[in-house]
Amino acid sequence: MTQLQPMAEFPFYFFAFLTVLAAAGVVVNRNAVNAALCLLLSFMGMAALFVLLEAYFLAVLQVLVYAGAVAVLFLFVIMLFDVKGGDPRKPYQKVAAVSGLLALALLITGVLSLAKHSQLTAAAPVTTTVVGSDLKDYGYLLFTKYLLPVEMTGFLLLIAMLGVAMLGRKQGKETGASIQEAGGGRPETGGRRLETGDRRDSLSESRVP
Amino acid sequence: MSVIQVQRKPLTFAERTYLPQVFGGLMITLRHFFGRRVTLEYPEQRPEIAPGYRGVPTLVKDPNGREKCVSCQLCEFVCPPKAIRITPGEISGDGPSAHVEKAPREFEINMLRCIYCGLCQEVCPEEAIFLQNVYSVSGYSRDELVNDKEKLYQLGGTLPDRHFKWDKKQAAASASPIAHP
Amino acid sequence: MIDFLTNLPPVVLGLLKGLAVICVIFPIAGACSMAERKVSAWLQGRYGPNRVIVPWFAWMPFVGRGLQRLGVFNLLADGGKLLFKQDPLPGHVNKFYFMIAPAVAIIPAFTTVVVVPFGAYFDQAGQVVPLMLANVDVGLLAVFAIASLGIYSMILAGWASNSKYSFLGSVRASAQLVSYELSLTLSVLPVFLWVNAPGTVGSLSLARVVEFQSQPGFWGGTWFIFLMPVSAFVFLVALFAETNRLPFDMIESEADLVGGFHTEYGSFKWSLFFVAEYAHMTVGSGVFVLLFFGGWNPLPWLPIGTLFGWLGLVQSAGHVSYAIAIAQGVLSIAIFLAKVLFMIFFFMWVRWTVPRFRYDQVMRIGWRRLLPLALVNVVVYALLIAVIQK
Amino acid sequence: MSSALKPADLITVTIDGREIAVPKGTNMIEAAQVLGIEIPHFCYHSKLSVVGNCRMCLVEMGLPALDPATKQPVMDPATGKPKINWVAKPTIACFTNASPGLHIRTGTPLVRECREGVMEFLLVNHPLDCPICDQAGECKLQEQATGYGRGYSRYIEQKNVKPKRTLLGPRVMLDDERCILCSRCIRFSKEIARDDVLGFIDRGSHSTLACYPGRKLENNYSVNTVDICPVGALTSTDFRFKMRVWFLKTTPSICPESSVGVNTEVWSREGVVYRITPRRNDEVNDTWMADSGRLLYKQVTADHRLREPSVDGTTVAGAEALAQAGALLKAGGVAIVGSGRSSVEEQFLTRKLADAIAAPAWLVSRVGQGDGLLISADRNPNVRGALVTGLIKTVPEAELTELAAQIAAGKIKTVVSIGEDLTAAGLGEAQLNRIAIVYLGTHANATSAGAKVVLPTLTVFEKAGTFINQQFRLQRFAPAVPGPQGAADDLVILAGLVEAAGGGALASDIDGLWTTLASEIKPLATVTYQNLPATGLLLDASDFSDLPFPEDETLHFNPKQ
C-alpha cells in the first residue's frame, strides 16, 4: 500500500471528518458530559486513523490510555463535581474571546510551519515498518529520542489537571472559566430533580437559577 | 456490673489475606454442589402438614350431615381483617333441623383478606369452622377468592363431633311433656 | 469451500466474521445466564430451573426429560420473555444516552472476541496457525483497550437514568474499573517480558503466548500459572473486578443500590447489559486461559502438537488436508472451550460463595494490596528474567 | 329532677357508706345509679310498677337504731355517727324506697352470695342459646351472669324443654325456654299499652307466658315488650335473626311519624338500617315508641325511592337538574308547597327561597286520629318548625284550595313541591296540566311522575336536622346511613335553588346554616345544632299559643294546660 487507494480513501475521510467534528463538538458543546463524550469520539476517530495507517499499537494505546482512562476520568470528575452549566445568554466573554484568538493564531502558526518544513504535498510512502508499528522500536524511541517531549507533554498534562482541579474547586465564585463556558452538569441540577416534563431542555440548558 | 472489654483476637497473616477463608468457602459450596438437593418440587411433592396447621378456614358438617354453623356471627366479629361476612337466616318449617332455628343464609370468607390467625375457629361456639390443611389458594379474579358457603362446606367436609348438642336437644324435646303443648 | 471463504471480499468477510461472533457469543452469554442459575442452585442444594419444555422435545423419551431437568429450555423462555416484555422508557431519563448505553455495552464486549484465539491447527509446514478472527500484533492490548470502553456504557446508563441508585452505581463502576485496570495490565507484564525475551521479535499476540507454552521442554512447555502464580492471582482478582462479578459487583449491589446502573432498565435493553457482562466474562476467561492455562494445550508439559501426534492428526508435508486441519482445529477449540467453561464455572462458584466487599474494601484492595503486589511482581520478574536470560 | 326540688324536700340515705340526698320515696336502684353503683336487676323497670319477683336486686338494709326511751338515734361512740341496725335478711332494692337515715350495702359477701344463688336458679332452665339468640350482646342475663354469676354450673340434670316459637302477635315471637318470668311485658301491656293480654300460666318451672285465649299481642306498642325483655324470650319478628346487635351502630334520631317527636335510636351497619328502638326521653316518650314508627326505616330502601335527578323523566346530572329548576324559578309565577316533614333548616331555606322570588308558600296538613299515647293527631312531625321559621303563618289546611284557585287564575306557572303529593293535596288534573312542577322528595308519587324537574333528597335517616314537636321542643336527629348515590342533601338542593333564584349564597351545611338561623329567627337565637341537648330544647311558644293545633292529649303533653 504505497498510495491511498480510492477504496481506502472513504474510511480515511470518514474518520477524519468524524475526528474533527467531534473535536469541534468538544469546544462548542455547552453540556460538559456531551463535551466529554465528543472528546471520546474524537479519540476513537484518531485511533481509527491510526488503524488505517496500520499503526495498530498506537491505535490501541490511543484507545487504552485516552479513551479508556483519560476520558473516563474526565467524565468521572464532571459527574462528581456536578459542574453547572454556564449562562447561555452570555456565552462568549472577553477572556474566552482572547483565548480563542490565541488558539487560532497558534493553530495557523502550527499549520503554516508544518506546511513549510515538511512535505505535505507529496505524501510519504506508508510502509508496514513505519516507526511505531514495531513494539520494540517504539519502546526504544520513547525512552531515547522522544524522552524529553514525552516528559514535557506529561508535565503539561499535569498543569492542565491542576488547573481543572482549581476551577472545579472554585466554581461558582469565578466567572469566565473555560469549564463554565463549556457548561454541562447532570440533568438534575438547578433543583429540578423531579420535573420530568422538560427534562431534555433542562439537560441542555441547565443553569443556576 | 463491670463491663468486660473483649479484645478481638488479632488476625493472622493468612487470615488477613482472606484467601484461606475464600478457599474454605469454595469447598463448602462445592460440597453442596455435589450434595443432596433440599428443594421440594412443589406441585408433585407436597409438604407434610403438621397437626394444628392453620390452613384455609372451612365450614364443617357433623357426622349426621347437619350444618353446624348457626350464624352467631362471632367469627365475623372476631375476625381481625374482617374477612368473614355472614348473612344470617332462619331455619323454618318442620325439617329435622328446625329446632336449631338459625343457619347462615350466606357465609363468605374473603381469602384475600384472611390472615389465617385461627381466631374464628377459636371463638366458634358450635365448632363449625376449622382451619384445615388446605394451604394453596389461587384464582383468576378477586371474586373467585371469596369462598362462599358452598365452597366452604366443600372444603370442610365432615369432622367427628363429640357433642351432638342439637341432637340431644331434639331428643329431650321429643321426650318433654311441655315442649309440644 | 475454504478457498471460497478466503477469496471473499474483505468487507463481506468482515461482516461474516462479525455475524459469527454475534451468533456465538450471544448464545454463550445466554447459556451462561442459564448456567449461572443452575450452578447457583446446585451450590445451594437446590434444583434450579427445571420446568420449561418445548413440545417436540417432550415427545422424546429420555433426552427431552433430561434437557428439561437441566433447564435448557428456560434459556429460550428467558430470551423470549426479555424480547417480548414491555420495554420501559422512564420519563425522567436522558433518552438519547439512555438508549445508546446498552449498545455501548455490547459492542466492546463482542469486539474483544475478534482478537482472542480460540484454537489452532498446524499447516503442512508444521507452523501453528491460530484460529482467530483478526490476528493483530497487539492482541492483548487490543483486548484491554476495547474492553476498557465497556465502562462507558455503565457511566452513560447511570448518568442518563437520572436516578440516585444508577448514578452511584456508575460512579462506583468507573472508579473501580479504572483502579483495577492498572493491576490488570501490570500483572500481565511479566508474561510478555518472558515471552518477548531479548533478541526475539516483540509481540503482544495472545497466540504467541500460547505458542510459548506449547513448546517442548521445561520452561517453554510450562504453563505460566506455574511460572508466575502471583501474576495469575492478581490478574484473576483484577478480572473479577473488571467484569464486575461478585465479590466486586459494586455497580449493581442490589442490596444497597437496587440494581445499580441498570436500575431504570428493563426488558431487552437490560438484557443487553446482561449479555455484555457474560461476554466480558467469557472473553476474560479466555484471556486468562490463554495467558496462564496454556490455551488449547491439553495438559501442562503436554503440548497439543504431541497430542495430535498420538492421535495421528499430523499433516503430511506438501499435502493440504482440510480434514486433518479441521479435526485439529475442532480438538483444539474443544480443549480451549473446556478450560474456558471451567473458568466461567469458577466465576460462578466464587460468586455464590464469597460475599460482596464493601466499597471502601474494594478500593483498599485495589490500590493498597493488588497494585503494590503487581508492581513488586513486575520488578521481581524483570530482574529474574534479566538474570536468567543473560 | 332533684334539682327542681327544694333542699328541704331531700332526705339523706347512705349507700355503701356514701351519702346521697334524694327525694323521699326514691327507688334505691335509681339512687344507687346516681352514685354510680349498679344494683343488678331483671324485673325492675323505672317506668313500670314494682313487683320484685326476680330477686336479683337483693341488698342489705339498715336503719338507725332508736333509743326506745327517747326515740332519738343511738350514737356509736367509736365513730360518732348513728348506730345502724342492719336487717338480718337481705331485702330487694327495687321495693326499698328512700326513708330518713336509710342505709344499704350492695357489696357484702351476703349480697354477693344472694346474687350467685339467684343467678344459679335463673340459669337452671335457661337454654345455652346464646349463639342463636338475638338478645346476645344486649342480654341482661348474659351480662349479669358474667358480672355476678358463679361462673360454672352445678346443674347436671336435663333442662326443661319448652316451645321455642310461639307467635304472641304479628310482631312479637316468644321463646318460652329463655323466659325468666320477670313479668315486665305483662306489666307494660297492662300499665302502658292498656291492652291487658299477657299473663303467666302454669306453675313452677312449667310457668309460661301466654296470651289471653283468643287474643293476640297486636297493639301498636307490642314491640316495646321486646325492648324491655331482659332476655331473648321476646323477639321482634322484624329483626329476628337479621343481625347481631354488636355489629350495629346507633345513631340518635327523631321519629317522623307524628308531632310527638319520639326520640329514637337508629341501628345500622354499613349503610343498612336494621331496626329502630326508642331512646329514653322522660319529657317526651319515656322509653317507649309505637310499632308503626319502627318500620319507617324500610322507606330507605323502598322500591319507589327516587335515586336519580331527572328532567321530564330523563335522568340527568344533578347540576343540570338544578339549573333547569333554577331557570323555572327565574321565569316567575312560582308557588311553593313546603312540607311539615321537612326539618327546621329545610323549612328555613324554603322560606328563603320563597322570599327570593316573592312566591307564596303553603304547607299540607296531615291529620289523623291520635292514640293518646305516642301518636298525635298531627302526623306532620314539624309543622311548628314552619311556623317558627316563618315559612307559614297559620296552621296548614289539608287542601290547597287557594293554590288551586291561583293556578286556575293563571297566576302560577311553576310549583315547587317539597316532597308533597299535590294530587293528594287537592289539585286536580286540570290544575296540574297548567303548571310545571319542581319536585324535591325522597319517594316517587303521582306528583313526581308528572314533574318537570325531580331532585331526589334524603330521608330522615340519612341527613342531619331538627324537628320542633308539639311541645315546641326542638329536637335533633343525626344521619345514620348514607343516602343513594344520585340523591343530594335537601339543604344543598335548597341552597342551590335559592342561589339560582337570586337569593344569594347560603350555607348548605348544618352548622353553617345554624349561624344564619340563630341570627335571623328570634326563638333560636341561642341555639346551635351542636349544643342542642340530647333531650331537646323547649322553645318559647307564646307567639303561637292561639293557633288551632289539632293535637289532643298524649304522653307528657296536654294542650289544655
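Residue numbering begins at 1 within each chain, and the chains themselves are lettered A, B, C and D in the order written.
FYI, contacts are C-beta pairs under 8 Å (C-beta built on N, C-alpha and C of every residue); 3 or more make two chains touch, one makes a residue touch a chain.
On a predicted model such as this, the values are computed, not experimentally measured, just so you know.
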{"item": "Chain closest to the assembly centre - both centres taken as Cα means", "value": "B"}
{"item": "Between the pairs B-D and A-C, the one where more C-beta pairs touch", "value": "A-C"}
{"item": "Mean-CA-position distance for chain D and chain C (Å)", "value": "87"}
{"item": "Centre-of-Cα separation between chain D and chain B, whole angstrom", "value": "45"}
{"item": "Centre-of-Cα separation between chain B and chain A, whole angstrom", "value": "70"}
{"item": "Chain centre separation (chain A, chain C; CA means) in Å", "value": "31"}
{"item": "Two or more partner chains touched - positions in chain B", "value": "none"}
{"item": "Every chain pair meeting the contact rule", "value": "A-C, B-C, B-D"}
{"item": "Residue ranges of chain C in contact with chain B within the complex", "value": "39, 41-47, 349-350, 352-354"}
{"item": "Interfacial residue positions of chain B with respect to chain D in the complex", "value": "70-74, 76-77, 88-90, 99-102, 125-126, 169, 172-173, 175-176, 178-181"}
{"item": "Of chain D, residues touching chain B in the complex", "value": "127, 130-132, 136, 158-165, 202, 206, 208, 240-244, 246-247"}
{"item": "Chain C contact footprint on chain B (complex, rising order)", "value": "22, 25-26, 28-30, 32-33, 35-39, 41"}
{"item": "Residues of chain A that touch chain C when the two form their complex", "value": "33, 37, 40, 56-57, 60-61, 63-64, 67-69, 72-73, 75-76, 79-80, 133-136, 139, 186-188, 194, 196, 199-200, 203"}
